[in-house]
Each structure stands twice: as structure tokens, then as C-alpha cells.
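Input: structures, listed below.
There are two complexes below, and they share chain A, which is joined by chain B in the first and by chain C in the second.
Now for the complex of A and B:
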């Protein structure tokens, strides 16, 4: 398994540690989150396995190329547009959540426009890079950021403020049947492999997932998913945490480095996750932009031999992002992410599998013809 | 006995060179034997001419014998077309005509062929001598360190005014043919009236007009050249320059010193770590100061935050002005001490560094902590082993500083990722500039040779 595949999955997973997902999970803590987590892990890993397996049969092709020949254009265009929109929303939710976190915890006096603008310049550049360069870049950022994240988690697990009794109470809720919302939210965390929809263009030699690769992936996913849910509970208490907006920020703010130059871990935590957030946003919007341009591309819309279609889309991206970030409330983003996880995520997964299977079938039926 | 006349070619050549005084058109005559010589005196080795041409002429019995003697000389070449002939004569070739036959002999007098000390990349261990300004000597130095028939040497002629030789060197078994083709095409494309040095050529090899980071490397160290030849890279040497160009390069090439190969592993590991910490310090620290003092003093532990704030008491402007002010003077100082003659540069650094630094804090124009930060930044910039990269980082630092001044702590972090993005998005002749390849040294040296 290519290491870049891990990065796709791990970035998606880690970014969600800070965003809305922990809150959704904690909100359902008395109604079956624990079983949902385990279920989502199993289902997520199986889905990941099949996704990689299917994509490995189309080396170097993104979804637009895969379904181009085998699905009628009247059908494929709306499907690709739908995917593009959902991926845009995934990036947008990251942007909104991180902007709100920064606004609340880092620079409360700064205008929200300025905060979004700080992302604009860099993410725009990133979105326009090639898929391979985005993967190279994310590898480097992950290598820089990973020690910090590991340190924060280690510090959390070794902290004397961590009360294991709360964690035990949370585990005791295992007797509830899994809840749908918690299940889909946890599924969203582990389904980062869906980014292959465009990034598969980079993987020209993608192999079927090996046993070793899947084992490492499963262990990482288990660790991060369980940490995402249980560590904040261990710090904040089982019931008290229901009222906290960003459980992980509160958690990391409970940890201190007594002798460090930076005393409050929360700043290291925000810094590390801010970097990951930028990567995740770049990835999601890159996918969205590529899907969009595979459907709508103005060949004549040019200025001095530079095609302006992509810049035009990006302007739209940012206009919507600015407007949303300004108007949306914390509760609003919570509700919409929940809605996204509940309804749209299952549709994405099913549709993705249908498209891939259709592409596979089409390719198989076409193969003998082309041989003649 | 009739006197033989010089061939018409000689006369037209002489016409072409007029009114130059240092051309010599002469004939050797003995008992009816006759030979004509044409050369430019100032670029021809007189002793060698005397030894290999003039003396044998008078010792030989016949014209026939002399002609076959000349033909067997190792430095004899065919006579090219007229235009090229003019160029070769001005480079130090001697034209010999014997009985309607003409020969061209290479008797160049090359004065700039001494081997230079390494100045740009000095090391304690490893070879101390660099290359030479004469391209033949440079090729000799490289060949003498790399005895392998697969080392290919390819001359490229450019039609610039100076007609310098540009030479491509590569190991045929290891080089990536695509890269080689690209380099050839790039050299072909260059259309400039004058090429003076490797740095000059490098400038034209860069892809776009606006470049910050170098995509080819200029080096003077033979050991680095050999290491990179084995790694499958192409070396471009140009006559008259003591440096050669290596292409393609990646970011990490600029962070490696040849001395890394000559130390024990832990020492090497430590120096490499120092180098990267230095790189981070020199980019991060000024911006971090701005973010700390003006945006988020609460990030630092309380004692430190108070110390920083206390040292800024009396400073009449916001921190970003202070940083720009000090960085500006530091850059001026660096630039001045580089350009000045050695005798004066000591004075400049003393006045600038010591006196200005102390006075600036006493006058409350900057904080004392700022002075420490600026010195740390200045020192850590010089830790980057390749000069070009440290120049690029000096500018990068300013870009990050502007971004941080605008957006605070977020700007610092996001801007830093932006720099990584920018580097990752670059390529050097199709090879990704910044990517982690997870290769060991032996893998690196056996590149493309599997």
C-alpha cells in the first residue's frame, strides 16, 4: 500500500478530531456512541478495503475518467456535480470550524474576514497545485506536525488530571444499541480513502491493500477514533462535557507544560491542527475543483493563454466561504455537519460504489471488443 | 627556384583580422621546402610552437615527411568551415599550410588553468582544491576522479559573442535520458548575446522570469560533482568559470554539505539537525516575535511574556516596524561586509554590529530581545551550507514576516505551510523540488541503475 494513501486517510481523520465530530459523538454518549464507534470502525475498514481495491483496477484514473465511457453523460454530469458539491462542503465545514476556533481562542479581536483571508491566499495556491504535489506537501507537513500531535496525546494520557473513571462510565454505555448519527459521524472520520476519487490519478501503481497495510491502518484508526471520543470525556467528565462546544480544545487546555516555554498545550494543539486543517481543506477543495472542471470547462474563457475557468470557480468558492463564515452560527454549523453526516455521506458512499462497479463492468465488457 | 606564395585562404584570413597587431603570417623556407604558418601570437604557446613545428621543419628532409609528421601530431584537427576557423584561430589554434594541404593545430596558451582553492563551500575534511577556470582543466580534474568509460563529455556550442565552450558531463549508465534531453533543449533555447559564467548560465536555465529558489546548483567542489554524477545528474561546465552547474537538484541538495560524508554518523546527524534547526530559526524567529508581542503574548509562559513586554518599554512603534527596521539594517550589514574589501569590512561589522546594536537599545529604538533575535537570525542564516539557498531564505523570511504582520499567529502558521506548498509545487527539470524520498545513501547513488 502506498504511504500516500495513509496520508489521505490520516489527514482526514486527524482534522476531524478538532472539528464538530467529537461534539456529535459526545452528544450521543448515552444513546449508543460506543457501539457505533466500533461498528463504524469495522464498516469503515471494510469500505476502505473495497474502495482501494476497486480504485486499484483503474490505475491513474480519477472518477471522471472512470465513468466517462460507461455512464451516459446526462447521468454522469449530475453525479460528478453532486460529488463536487459535497467535497466542497467538507472543505467548507473545516474552514468554518477552524475560523470559529481561531476567532474564539486565538485572535478574538480580529475580523472574521481577516481570518478567512489568511487562509484564502495559501489554500488557493494549494488547490491549484497538481495532485502529486499536494500529496508531497502533505507528507512534509504531517512529518512536521505529527510529533506535536503525538506529544499532546501522550501528555494527555499521562496527565494526572485524566480521570479514568469517567472513561469507564462512558464505556459502560456499551449496552445501548448503536445510534445512526454517531455511526455516520464516526464513519466520516475513517472514510478518508474516498479522496481517491481524484487523487487516484496520482496512484498509477496502486496495489490491492495488503494485510500489513490494513492492519496498520486499522490500528491507527482505532487509536485515533477512541482517543477522539474517550480522552475529552476523561478530562471533562461524562455528563459535564455535553455543554462544551469544542471538547478537544477544552481538553488540551487542561494540560500544562510546567517547564515549557509555551506553557499551555492548547496553543501547540491549535497550531498543529491548524496546519492539518489547511492540508485537509486543500485536499477537499482540490477534489471539488477537479470534479467541477471535469463537468464544466470553458475552453474559450482565456486571458493571454491562461484559462480562467479554474480561477473563476475559486472566486465562487471563496465568495460562498466568506458569506457562510460570516453568517453561520456555531449551532448552525453543528446542525449542518450533522445533517451532512446523516444523509449525504451514505449517499456519497453508495453512489461512489455504484459508479465504480459500473465503470468496472463497462471496462470488462469493453475489453474483449477492443482486443478484436 | 620560384618563391611559393601563401595560399589565398591565408590572405583572406589576414584581411579579416586586420588591423590587429598580434597576428603572425609567416613562411618557413629551406632549400625549396616551404610551409606557411598563421596564428594569433598572444594566444599561442611560443615554446611549444618552436618545439613541435618550427624545429622539426628544419630537421626534416622533405615537405612530404613534414606533412605526414604534422598529420600525426596528437593536437592536429581537421580544418573546419571558414567561420569556425576564425573562432578557433582566435582561441589559439595554428594554421599550417604545406604544399596545398592545410592543417590546424591546437597550441593554445592557457594562463587561467591553475586550480582554485574552495572558497564558497569550504570544509575541514575532504578535498581542499576546487576546479579551474579553464574548462579543459576542469574536465581533467573530473575525469581524474572518475575513471569510467561511461562518463560522457559533450560539447555544446552557443552562438553568443564570446564563443565559449559549454560542456555537458554525465554518466551515460546512470543519467535519466528525459532530463538530459530537457537540458539539451534548454541549452538550445538560450538566446543571449553574452554568457560569462556558470551563474550566468544558471540564470538562463531557470524556468520562469521570477524565481526565488534556485533550481540548479552552482558548485566548485569536485567531490560534490562526482557524488552527483554517480547519482545520475548532469554537470554543465562553461569555459572561464571556476564553478559548474549541477542539474536537476532538489531542495535537500542545498541543505547538504559534502562534509556530511566525512564524519562519523552521530556527528553528521548532529550537524544536519543543527542545520535544519537553523533553517527554521532563520525563517521563523522574526515572525514569531511579531506574533508574540503584537498578537498573542498569552502563548508564552507568563514570566517570559513579561520579560519580552518589559524589554519593549519605551520602544515607540509596533513590533513589526521594529523587526523590519532591525532586519533591514542586518541585511545592509551582511551585504556591506560581503562587498567591501577585507581591510574595511572589519570596521563595518564593528561599527554596525557592536556600536549600532548597543546604541539602538539604549536609545530605546528596539528592545534588547530584538537584538538577540536578530543576531540569532543572522547567524542561523549562515548555517545553510549552500549560499544560494541562504540568499533565498533571507527573502522568504521577509515574505513570512509580512504575512504574519497582517494575520498574526494564524498568518505565521498558514504562511509557513504556504512556503512548503510553494517549494513542493516547484520542479527542477521535471523532478519534484521538495519531496521526501525516504532513500538511503546507497539507494541514492544507485539511482536509475536497477
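Now for the complex of A and C:
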């Protein structure tokens, strides 16, 4: 399995550790989150396997190319638009959550516009790069950031302030049936392979997932998913965590580096996750932009030799991002992410599989003709 | 073409470098425009009914620490109906921004403990910039006195109170450390009662005296532990080392230094009467003796000490049980080892007053110190 594929999945997973997902999981802690986590892990891994498997049959092709010839245009255009919107929303929710976190914890006196602008400028630069460059960038950032995040988690697990009894109380909720919301939210964490929808253009020699690759992936996913849920509970308590907006920020604030450069680890922690957030946003918006431009492209909208379609879209991206971040409340983003996970995510997954299978069938029926 | 490309790159570089000028540091408020709060004290107010008197200890910025001979702190206090209001009003009393991000200690008055703790502690966890690894403590007299007191050992640019609790300065089994996040999770959760240190002032020596502790009971009078009980409790729940113990046997007086403590317990219900099996292991050396000791008789001393220490631990456990407080978190463990049920904590509330303790003490003396 290509290591870049791995990055796609891991970046998505790690970014969600800090955002809304842990709060959704903790909100359902007495109504079946534990079983949902396990179920989501199994289902997520199976889906990932089949996704990679299907995409590997279209080397170097994104979804727009795959369904172009086999699905009527009247149908494919709305599907691609829908995907584009959902991926835009995924990036937007990251942007909103991270902006709110910066505003609350790092720079309370800064204008929210400045924060969003700082993000958006960097992300825009990233979005306009080619898919391969984004993957290279994600590799560099992950190599820098991942050891640190892992260190913080390890520090958390070894801390004497971590009360394992709270974790065990959380595990003992296993006798509740899995809840749908927790299930889809945790599924969102592990389903990063869906980014292949565009990034498959990069993978010209994508092989079927190997056993070794899937094992490593499953272990990583299990570790990160369980850490996402259980470590905050060990530090923040079982009931007491219910009204915490950003459980992971609270957790990293509870981990103390006695002899570290600074005692309060939370700032470095936020910094590391901001870098990851930028990568994740870049990936999502890159996918969104590519899908959008595969449907709507103004060939004659030009200035000198530069086509202005993409810049136009990006202006829209900025405007919506600015407006949303300014107006949305922290409960609003919580509700909308929950809604996204509950309703839109299953639709995405089903639609994606339908498209891929249609493409595969179309390709198979076409082969004999083209061979003649 | 190459020239244009070079020029573009140059322009981009200049633009990026100019952007650096906008980074004015400290989130647009310079360090000389901030005053750092390094301690917060909360007392019940005499002037405002049901109000609080908030006292702040602030570090005054000085140009050079070496020139300052005395500690450089300023103190202000204000009475108001809520903590947040008091701090807001105090912002009008100082010319700089009050920065709570560096505060490491919150001291409260004892009378506030039996009140609704949420009303004033809420402020600290809600703000986001107050550290979760701040220490919480109780003042023996008033919080104002504890905050404003400057002991003889306090040097410029250091805060004596921090050194008691942060495990890098003095380390003593009499000093219990409670962090804000522990306080929060235990007050808002069920199954464990918070222990907090009591900060007293020794007027004669002009020093602090931190050797007692207090156990919170929500909505009720807290239970105060004397210094011996505190020592035992701390050595068991926090594995505090440096525990010293005096044995008197056959006109021989020994003082032991215990430096390793292990404690495990199990709640057993299946037999006739519910009981808690507790295994304690302490490893140490003999620190002082008024007779010449023989290394061969170490085992005899082990037994003598074990019997004695066991008696003390039993006394502590029954005192806690009689007062219906649970700083060990037996209730939490009970909950953590059973599948979740609706009224599991009510069950425990019925069991705890009648539970029996079965303490097994294992003392291992490794030597007689540097001399026989």
C-alpha cells in the first residue's frame, strides 16, 4: 500500500481528534458510544478495504473521469456537485472549529477575521497546488507533527493524574446498544480513504490493499480512535466532561510537562494540530474545488492566458468561510457537524460505492468493444 | 520569460517578508501592557450579601530581576456578587490587561466549600485561559491572608506557594497536590471526594505551613484531616514518598524513612459481608535510632512496624467511612468494575457505610541507613 494513502487517512483521523467528534462521542457516553466505536472500526476498515480495492481498478483517475463515460451527464453533474459541497463543508467545519479554538485559547483579543484570513490564505495557496504536491506537503507536516502528538498521548497515558477508573467506568457502558450518532461520527474519523475521490489521480499504480498495510492501518485507527475517546475521560472524569466543548484541549491542558520547555503543553499541542488542520482543510477543499471545476468550468472566462474559474470559486469559498465563522455559534457548529455525520455521511458513502460500481460495470462492458 | 518568473518570485518573497511586520507578538498586546496574575484568593464577602471577595496577586514587570531586592508583587481585592464581576471591576483598577494565563494557584476560604461550589469555580474552567494544571487549595484563615503573605523564603521572581505543590521544590508527604482539572472532575462526578491541601501560616517563623488537608462533601460540612492523617492518606493515594514513621518498642525508638509505597485494593461482594481487601507495600530504610541496630534483625523490625502502620491505616479508613467520605474513590472503583446500571451509585451509598476493611501490610526495610 502506498504510504501516501496512509497519510490521507491518518490526517483525517488526527484532525478530528481535536474538533467536534470527541464531543459527540462523549455526549453519547451513556448511550452506547463504546460499542459504536468498535462497530465503526470494523465497518470503517471494511469500507476502506473496498474503497481502495475499487479505486485501484482505475489507476490515475478521479471520480469525475471514472463516471464521465458511464453515467449520463444529467445524473453525474448533480452527484459531483453534491460531493463537492460535502467536501467543502468538511473543510469548512475544520476551519470554523480551529478558528474558534484559536480565538478562545490562544488569542482572545485578535479579530476573528484575522484568524480566518490567516488560515484561508495558507489554505488557498495549498488548494491550488497539484494533488501530488499536497500529498508531499502532508508527508512533511506529518513527519514533523506526528512524533509530537504521539509524545503528548504517551505522556498522557503515563501520567499519574490519569485516573484509569474513569476509563473503566466508560468501558463498562458496553452493555448499551450502539447509537447511530456515535457510530457515524466515529465512522467519519476512519473513512479518510474517501479522499481518493480526487487524490486517486495521483496514484497511477495503486495496488490492492495488502494484508500488512491493512494490519498497520487497523492498528493505527484503533489506537487513535480509542485514544480520542478514552484519554479525555481519564483526565476529565466521566460525567464532568459532558459539558466541555473541546475535550482534547482540556485534556492537553491537564497534561503537565514538569521539566519541559514550558510546563503547559496545550500551546504546543494546539500548534501541532493547527498544522494538521491546515493540511486537512487543504485536502478537503482541493477535492471540493476539483470536483466543482469538473462540472462547472468557464473556458472563456480568462484574463490574459490565465483562466479565472478557479480563483472565482476560491473567492466564493472565502466569502462563505468568513460569513460562517462570524455568525455561527459553537452549538451551531456542533449541531451541523452532527447532522452532517448522521445524514450526509451515509449518503456519501453509498453514493460513492454506487458510482464506483457503475464505473466498473461500464468499463467492463466497454472493454470488449475497445479491444476490437 | 525566466526574468518575469524571477521577478514574480521576488515580489512574493517581499510580500511574505512584509507580512512578518504584522506579527507584533503577544497577540497585539505587548508585555508591558499586561500584568500577570500569579495567585487568586476567594473569600466570602463582608460587604456584599452572598458575594465573594476576590484577591489577586500580581507580578509587576521589572526591568532586571537582579536589581530587585524584595519580591515584586502587588495585591488588589474587590467585593462583588460573582467572581467574574469582581475581576471585571478590577480591570478598571489596574492600567494593564489582567492576564490569568500564568496563574497557577487558586485559594479559597473554608466557608465556601460547603456552599455551591459551581457558582464560583465555574468561572475558572469556563474562561479557557486559566490553566487546568493550576493548584486549588484551602486557606486556614482567609484566602486573602494566604495570598498576600510573603514568607521569608520567598525570593524575587519566584512564588513560594507554587514550590509547595509542583513537585520540583519541596517534596513532603504532608503536602497534597490537587489540580484544577482533578477538582473539576471529582466535584462534578460521582464516586470520589476531592482532597485539598490547607495552607496555614506560621506567624512565629514567618513561613507557610502546608501539612493538613480537607475532604470535600458536596453541600455539606467538609472533613478536615490532621497532619498525620494527611500523611497517611497522601502516601496511599498519591504514593507520596519521604514518608517517615516513628516506632517505639521496648524502650527503643526508631524512625523509618519509607521511599516506596504500593497500594492495591479490591472490592469483594460475593461473600457474606462486603469487604475491601487492601494490600500495601512500603519499602524503606531506618533513618534514626537511639540504640545500636543489628542488620540481622531487620525482619523483626519489619513486623513491628507493619503491625503499627496497619493500625493507623485502619483508623484512617474507619474515620473516613464514619464521616461518609471517600477520597480513595472506592465508589468509582465499584462502578468501574461492574456493568453500568441506573442506580449503581445508590447501591454503593448503601454498601459503603457497612463495608469492612481488610488491610494487609508489607513493610520491607532494606537497611539500617549508612551506619549499623
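Convention: the second predicted complex is superposed on the first by the 372 of 372 C-alpha atoms of A that agree within 3 Å, B and C clash if a C-alpha of one lies under 4 Å from a C-alpha of the other, contacts with A are read in each partner's own complex, and residues count from 1 in each chain.
Everything that follows uses one rule, which is that contacts are C-beta pairs under 8 Å (C-beta built on N, C-alpha and C of every residue); 3 or more make two chains touch, one makes a residue touch a chain.
The structure displayed is predicted, hence computed values, not measured ones.
Once the two complexes are overlaid through chain A, chain B and chain C clash, as defined at the top of the document. Of the two partner chains, chain C is the only one touched by A:172; chain B is not. With both structures placed on the common chain, the touch criterion links A:275 to chain B but leaves chain C unconnected.
In the superposed model, A:106 makes contact with both chain B and chain C. Contacts of A:117 after superposition on the shared chain: chain B is touched, whereas chain C is not. After overlaying the two complexes on the shared chain, residue contacts for A:240 are found with chain C alone; chain B is out of touch.
Contacts of A:254 after superposition on the shared chain: chain C is touched, whereas chain B is not. Legend: residue contacts after superposition of the two complexes on their common chain; A:129 is shown touching chain B, with no touch to chain C.
Residue contacts after overlaying the shared chain place A:264 against chain B and chain C alike. In the superposition on chain A, the residues of chain A contacted by chain B and by chain C overlap at 106-107, 110, 263-264.
Within the complex formed with chain A, the chain B residues making contact are 295-296, 298-302, 304, 403, 406-411, 413-418, 420-422, 424-425, 432, 434-436.
The touching residues of chain A, counted against chain C in their complex, run 30, 104-110, 160-161, 163-166, 168-169, 172-176, 235-241, 250, 253-256, 258-259, 263-264. Within the complex formed with chain B, the residues of chain A that make contact are 102, 106-107, 110, 114-115, 117-119, 121-122, 125-126, 129-130, 132-134, 136-137, 139-141, 143, 260-264, 267, 271, 274-275, 278-279, 282. Across the complex, chain C meets chain A through its residues 27-29, 128-129, 131-133, 166-168, 179, 181-182, 184-191, 238-239, 329, 332-333, 335-340.
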